[in-house]
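One structure below.
Residue numbering begins at 1 within each chain, and the chains themselves are lettered A, B and C in the order written.
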Amino acid sequence: MSIKTLVSSTIVFSVLAGSATMSAQASSSFNSQDDSVTVYSSRKEHLIKPLFEAFTKDTGTKVEYLTGKGGALIERLKLEGANTKADMFMTVDAGNLWYAGSQDLFQSVQTETLKSNIPAYLRDPQGLWTGLSIRARTIVYNTDRVKPEELSTYADLATDKWKGKLCLRTSKKVYTKSLVSSLIYHHGKDKTADIVKGWVDNLAATPNAKDSHVMSAILSGQCDVGLVNTYYFGRLIEKNPTAPLKIFWANQDTTGVHVNVSGAGVTKHASNAKGATQLLEWLSSAKAQAIYGSLNKEYPANQNVASDDVVSAWGSFKQDDMNLSQAGILQADGVKLMQIQGYR
Amino acid sequence: MLSVANLSIEYQNKTVVDGLTLELAQGEIFALLGDSGSGKSSTLRFIAGLDNTKQGSVELDGVRLSDHGQHIVAPESREVGMVFQDYALFPHMSVFKNVSFGINHLPKSDQKKRVSELLSMVGLQGSEDKYPHQLSGGEQQRVSLIRALAPAPKILLMDEPFSSLDVNHRQQLTLQVRQILKETNTTSILVTHDRDEANTLADRVGKIKHKQLTLV
Amino acid sequence: MEKHCFKSKIWISIVALLVAMPIFVVAFSWALPEHELWAHFSENILSDLISSTLILLLGVGVGVTLLGTVLAYLVVMVEFPGRKWLEWALFLPFAIPAYVLAFVYLGVFDYSGYAQVWMREVLGLPGFDIRAGSWAIILTFVLVFYPYVYMMTRASFKRQKVSMIEAGKLLGASPIRVFFKISLPLARPAAAAGLLVTLMETLADFGVVSLFNYDTFTTAIYSAWGDFRSIEVAAQLASLLVLVAFFLIYFEKKARGQAKYYSADVTNKKPYHATGVIAWLISLFVFGVFMLSFAMPMLQLVIWGWSSVADEWSAKYIDLITSTSILTITAALITVALATVLALPGRCKQASIWLKSVIRLATLGYALPGSVMAVGLLYGINQVSLINIHFGGESINHIIYGSIALLLFAYVSRFMAIAYSSIEASAQQIKPVYTQSARLLGASRMRLVWQVYLPMMTPGILAGGLLVAVDVMKELPATYLLRPFGWDTLAIQVYELSAEGLYERAAVPALMMVIFGSILMLIFQRLDKKSSKGL
């Protein structure tokens, strides 16, 4: 390629890119004037796309979405301020929802539909965000090597009998952080520090990057027990029904299983707040909640909707009734504590 | 034609040339001898306007090019031709492109004519489309010579142009170059360390000795 | 001449300072100190993180230097079976994103991976935690990044005169002694340049380290940002990374020393012909590296992809491929154009410490993790919006937010170092005598640039452009944060699927990336062959 070709192609491409920008610009500003709803989501595309498609089919309202990591999207929303194109922010983990609320990114939405569909403890008291699905984080064990009678609480996994038998997901994952926040809430910092230290001492392997890795490790015999979100277990069992793996509901005699939510709120600077509210209400409806459950093996937030068959088979359990905003408030303490105890 | 006055040159923090003066007449071929590090190449590069120096002036064809060791006229405007030790032919250009590089302001047909004339002059007719790496050392040397001559410079400077050729070639080519320079009536300076070469090519031979130019 | 320098100073400064903008934003974070979090970090985690980062850098540095130079030497200097295609095959790992390679390796070699299962069940060996310690992650990085050193030292070995090696041989030196005493010292600047790129990539990596759950300095950056919501401390920590990069560059310059490597003629004559067992051992070694770093992971991806392509393939992939291509090519062209402006030889540059410094500054972005770079940019734009420039009735940041321009800006800032080092190396090879003879033939600066410099720098420009293109294709964190609606790339698709543990499906877009990257490397090969003939 000669230099002249190189230069001329640079020019051509710059122009192309420029016009692509312009047209993207034009189409999005066009969109912000019509009735489509724009969503920033840290839920992955394959989990939200079917929902949005169903919504468009029901209502005729189009949904545009941009996926990203929760923390990064919050930062983007903050920096975009009044210029944001987002009408709704959707994320996993109550800590993230609480933090987005505390940064003044949501507006209050408290409609009758939402109140009747979603119980109060899964909604922000000021109506900034609404929980849309429940995920439980509990104990998973290898049925060949562990009897359910040996299991009891999260704290019990820190005792000597599990030395070299425990696998955990990394402390950097938000689900771990929220669980430890709930321990701080129930037991105080000192006791929680002891529990975390006990976990670290019992580890059979470096903490895993993902829940699915924790379960593979348990299956392959590297360890016997671990902590996972139930829907990861659900996906594994669906693919491999004979796997010698079961979940155990932790803390049933005490505080209950730690639960978390995925949820959404209407952004403060939404240009289509009406459409976003409509979408939020629709997501809380029985129809949408059923899709939620079947897509990701989660528990519906709408109590009138039955769980997916696979999920119901695990039985009912007592939930931790800690107010979920605590997960956000105590998160920094939880992380510090894990870092001090060497929980990677 | 050329006058260099009061030239002083430092080389590795030592004054190697002190107050050199040189006058050349139109068409005269001058050879500058000297040991390595004696400042002969630096003298040439100063005349070309490539390196500044401590002290000295250059006047060419009545125009002052440099004064007090600083250059008034940039190399590209001096009309000075130069043949480098390793020829410095542009490797990505054909022989034609190389030779016509300095006469690109002429119409294409004139360029073609001129290049073809010059190539026949050095016995390389028809080599326009070859690339430097396809030429032998002697051929490259000749192309480099006619490239420098193409714009008809007021003076031609040659820095050890024959040093990388074998002995047989060298002698033959030296004579040929002298003939060409005389034919074109080009004022030239040859820098070399080879006394025979200097005597064969030049009308006048000087040597830098004890920081001064002495005629030999 | 004074005037000329003023003009080029202005131009180069504008380009360089613009490219370095995120660096300034990151540095400005020190205006907002946050003592409490710093106390926690320095008391509890920083010393561990620094030592684990140093171990990683040391291991990866030694590893890539050894592997890269040895492979390049073998391929350039020795004739052995399969040499011809292996010479090019060894470039291919460039096309695999580091995080993809990491998830494949973990899938195969982790305790539950089938390699270890086989070892335990068939060979009866005890299982082990591959992620404990640092050897496995070092090995992964070495296999991902050795092509940088390989590429640069290969070019350098090619320029070494065969006669020089033969002189060494005739003086009775063994091939190994020739390597250590003649070839390696001459290739030192090239090896140092490759090493620098590798270390900066390693410093900025987040994907591989999080899959291995190995804590490095970037872990602290993400923790400050993600856990403690302090973008300021994150930026302060990131600025320390930039400082480290600055010193690395300084040492690389020192390693280069006064060595100016002008090009000798490239020949394809091999001074050594390996025969018999040795020849096959060499083949086996080089082939083994290729297998481990490319063929084996590819095979795994194909197996995974095969089982899921029916589920995963949809029309969406047309969009993904289109946006990946446009971003990749546009970013590469812009980066290369600007890097060329910065790298063009010039009298003014040699004399000006100011220019040298701003150019250095423009190449530091490579050490910034992509997401830090992205947030730095958003912050910078926010500052601009305070001045509130209006543009056709709309405020300027409204136009810039979520536009492709911002993302391209991030790519240019981040990958400038790659383009610049490659292009600058080719500029360094232009002997001053070419400039001088062109000027004496009356060439203006314009002609000098267009007809002499640019054609002679073409190999470096092409290599730089392709490397940037491959890097942009693989880039994840900045793309994830800054992309406008509808500009999802293949890398994002890989991440979204693999983050949910759906490796089989993630293999589909990952394979597409590898194919796309391999095509780019193939183009590079053809151009490289062509240009080495011309020069």
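Quick notes on this one:
Following the convention adopted for this analysis, contacts are C-beta pairs under 8 Å (C-beta built on N, C-alpha and C of every residue); 3 or more make two chains touch, one makes a residue touch a chain.
None of the values given here were measured: they were computed from a predicted structure.
Taken as a graph of touching chains, this assembly is arranged as a line, each chain contacting the next along an open chain of partners.
Chain nearest the geometric middle of the protein is C, using mean C-alpha positions.
Most remote chain with respect to chain C, judged by CA-atom centres, is B. One finds 77 Å separating the Cα centroids of chain A and chain B. Each chain gets one centre point, the mean of its Cα atoms, and the points for chain A and chain C are 33 Å apart. Chain B and chain C have Cα centroids separated by 45 Å. Chain contacts: chain B has no residue touching two or more partner chains. Contact with two or more other chains is made by residues 455, 458 of chain C.
Across the complex, chain B is touched by residues 1, 265, 431, 433-434, 436-444, 447, 451-452, 455-456, 458, 534-535 of chain C. Considering their complex, residues 48, 50, 74-82, 84, 86, 88, 90-93, 101-102, 104, 131, 133, 147-148, 150-151 of chain B touch chain C. Across the complex, chain A meets chain C through its residues 1-3, 6-7, 9-10, 13-14, 16-17, 20-21, 24-25, 28, 38, 44-46, 64, 66-69, 71-72, 75-76, 79-80, 83-85, 99, 170, 172, 177, 204-213, 216-217, 219-222, 232, 235, 331-332, 335-336, 339-340, 344. Residues 40, 44-45, 106, 110-112, 116-117, 127, 129, 131-132, 210-213, 215, 219, 222-223, 225-229, 231, 326, 329-330, 333-334, 336-337, 371, 374-375, 378-379, 381-382, 395, 397-399, 401-405, 408, 450, 454-455, 458, 461-462, 480-481, 483-488, 492, 496-497, 499-501, 527 of chain C touch chain A in their complex.
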